[in-house]
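There's a structure below that I have some questions on.
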Amino acid sequence: MMQSSAIHSPFNAPNTISLVAGEGDAEIALNAFDMCLIQSGIANVNLIRISSIMPPKAEVIPLPKLPMGSLVPTAYGYQMSDVKGETVAASISVAIPKDKELCGLIMEYECVGGKKEAEDTVREMAKEGFEMRGWEIDEIISIAAEHTVEKVGCAFAAAALWYK
Amino acid sequence: MMQSSAIHSPFNAPNTISLVAGEGDAEIALNAFDMCLIQSGIANVNLIRISSIMPPKAEVIPLPKLPMGSLVPTAYGYQMSDVKGETVAASISVAIPKDKELCGLIMEYECVGGKKEAEDTVREMAKEGFEMRGWEIDEIISIAAEHTVEKVGCAFAAAALWYK
Amino acid sequence: MMQSSAIHSPFNAPNTISLVAGEGDAEIALNAFDMCLIQSGIANVNLIRISSIMPPKAEVIPLPKLPMGSLVPTAYGYQMSDVKGETVAASISVAIPKDKELCGLIMEYECVGGKKEAEDTVREMAKEGFEMRGWEIDEIISIAAEHTVEKVGCAFAAAALWYK
């Protein structure tokens, strides 16, 4: 019985990964966050925040159609601000290993600043994570969003894991 | 095998939702939080924090008896304070759609202030989330708690998803 | 079908618990956090943060070999600092009940300060949690880490739940 536990068995670790990003602005922080999710295509599921591994051999795919209300393991970063005119950014990177038996490493970064700064930083972070493990990188993929605040603004970037 | 993954299949998204709220006060923040959970009836399970969707057709029910230690997908908000005499509040709302094929939207809000302010706000937030989706609301349900701080105080409100 | 939902059935609550701790230092907070995870032996899995219960009769074991990328329910605390020379600490305790039908209570605590302070505090917190429930403690186990900051430093302690 334990062996067939869906979220805990190795053969049931998620096997796809999709990068998405978005921005939003509203009166209240959580509505701005919700707008980011709408723009990212993941507003109608339940994100379960994870720290931050791409399971071995997971396939990088465009965001699949996720059933509404599903529990979706997702690594994400976001930057909120209520300073009108300020630009905020969030970025996600995934370092994919040369050795396909190894896992990939997802990094997130958020800052007051632009998306180029966020994306450059988060790619470096993934590189450093691989160096700390003594692993070789095949490639790094990444995505970023930025937003200039009107009321309460948010930039958001995520890596959603799923099943194929 | 993948299709029967329990937490990821559409037919296994949670199908009940229960609103609870509580308050607590202690020497240390996490004990105050724990008192909120005790008062809410969810202190002896493992909350997995979700962002914040009621699966389509989920039934609104009083909190069911949850087996101790279970992993319970839960949206929640809380406000902590160590300012003696200050009142803090937390509230949860769920906007339920007219179209029963759609999901509901859970919003949480916390503030220094009273429960009426928190609950009014969080109901507006759910309304705004539906407007952003272009969906029509059947009804909004909500709950709130407030607490006046003695040492370290906390107000807490949650929507726990489960199975029936 | 619902009854066999892996993460939600009582018979599928995790049945092992392992305490780990670590420290790290890097240019960027998340890399320092990642170093903590590497040192703790849980860097290559996906931590799902939980609030904070040891399921009844769970066995306390050394960290098992976790398949890379797995979704691992974990209670954790961490303290980050960018103040060079400052010492930070994090600690986890688990209060195990005399009555084996009851669950255990996991507490986490983090502070600017040393690991003895953190560990003493977190053990008191577990005791208080049991008092609030009116339960008797069999024993309290705990772990702690401390770190003196160079660039951005982090101390981390966790209780990882798993299956046997």
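A few points about this structure:
Think of it as A, B and C in the order they're written, each chain with its own count starting at 1.
The rule we apply is simple: a contact is a pair of C-beta atoms (placed from the backbone, for glycine too) under 8 Å apart; a residue touches a chain by one contact, two chains touch by 3 or more.
Quantities reported herein were computed from a predicted structural model and do not represent experimental measurements.
Interchain contacts join each chain to each other chain, per the touch definition above. For the pair subunit A and subunit B, the CA-based superposition corresponds to a rotation of 120 degrees in steps of 5.
Centres computed as Cα averages put subunit A at a distance of 24 Å from subunit C. For subunit A, residues touching at least two other chains, in rising order: 5-7, 14, 48-49. Listing the residues of subunit C that touch subunit A in their complex gives 5-7, 11-12, 14-15, 26-28, 30-31, 33-35, 37-38, 43-49, 67-72, 162-164.
Residue ranges of subunit B in contact with subunit A, taken from their complex: 1-2, 4-10, 13-14, 48-56, 58, 73, 75, 102-103, 105, 107-109, 121, 125, 128-129, 132-133, 161.
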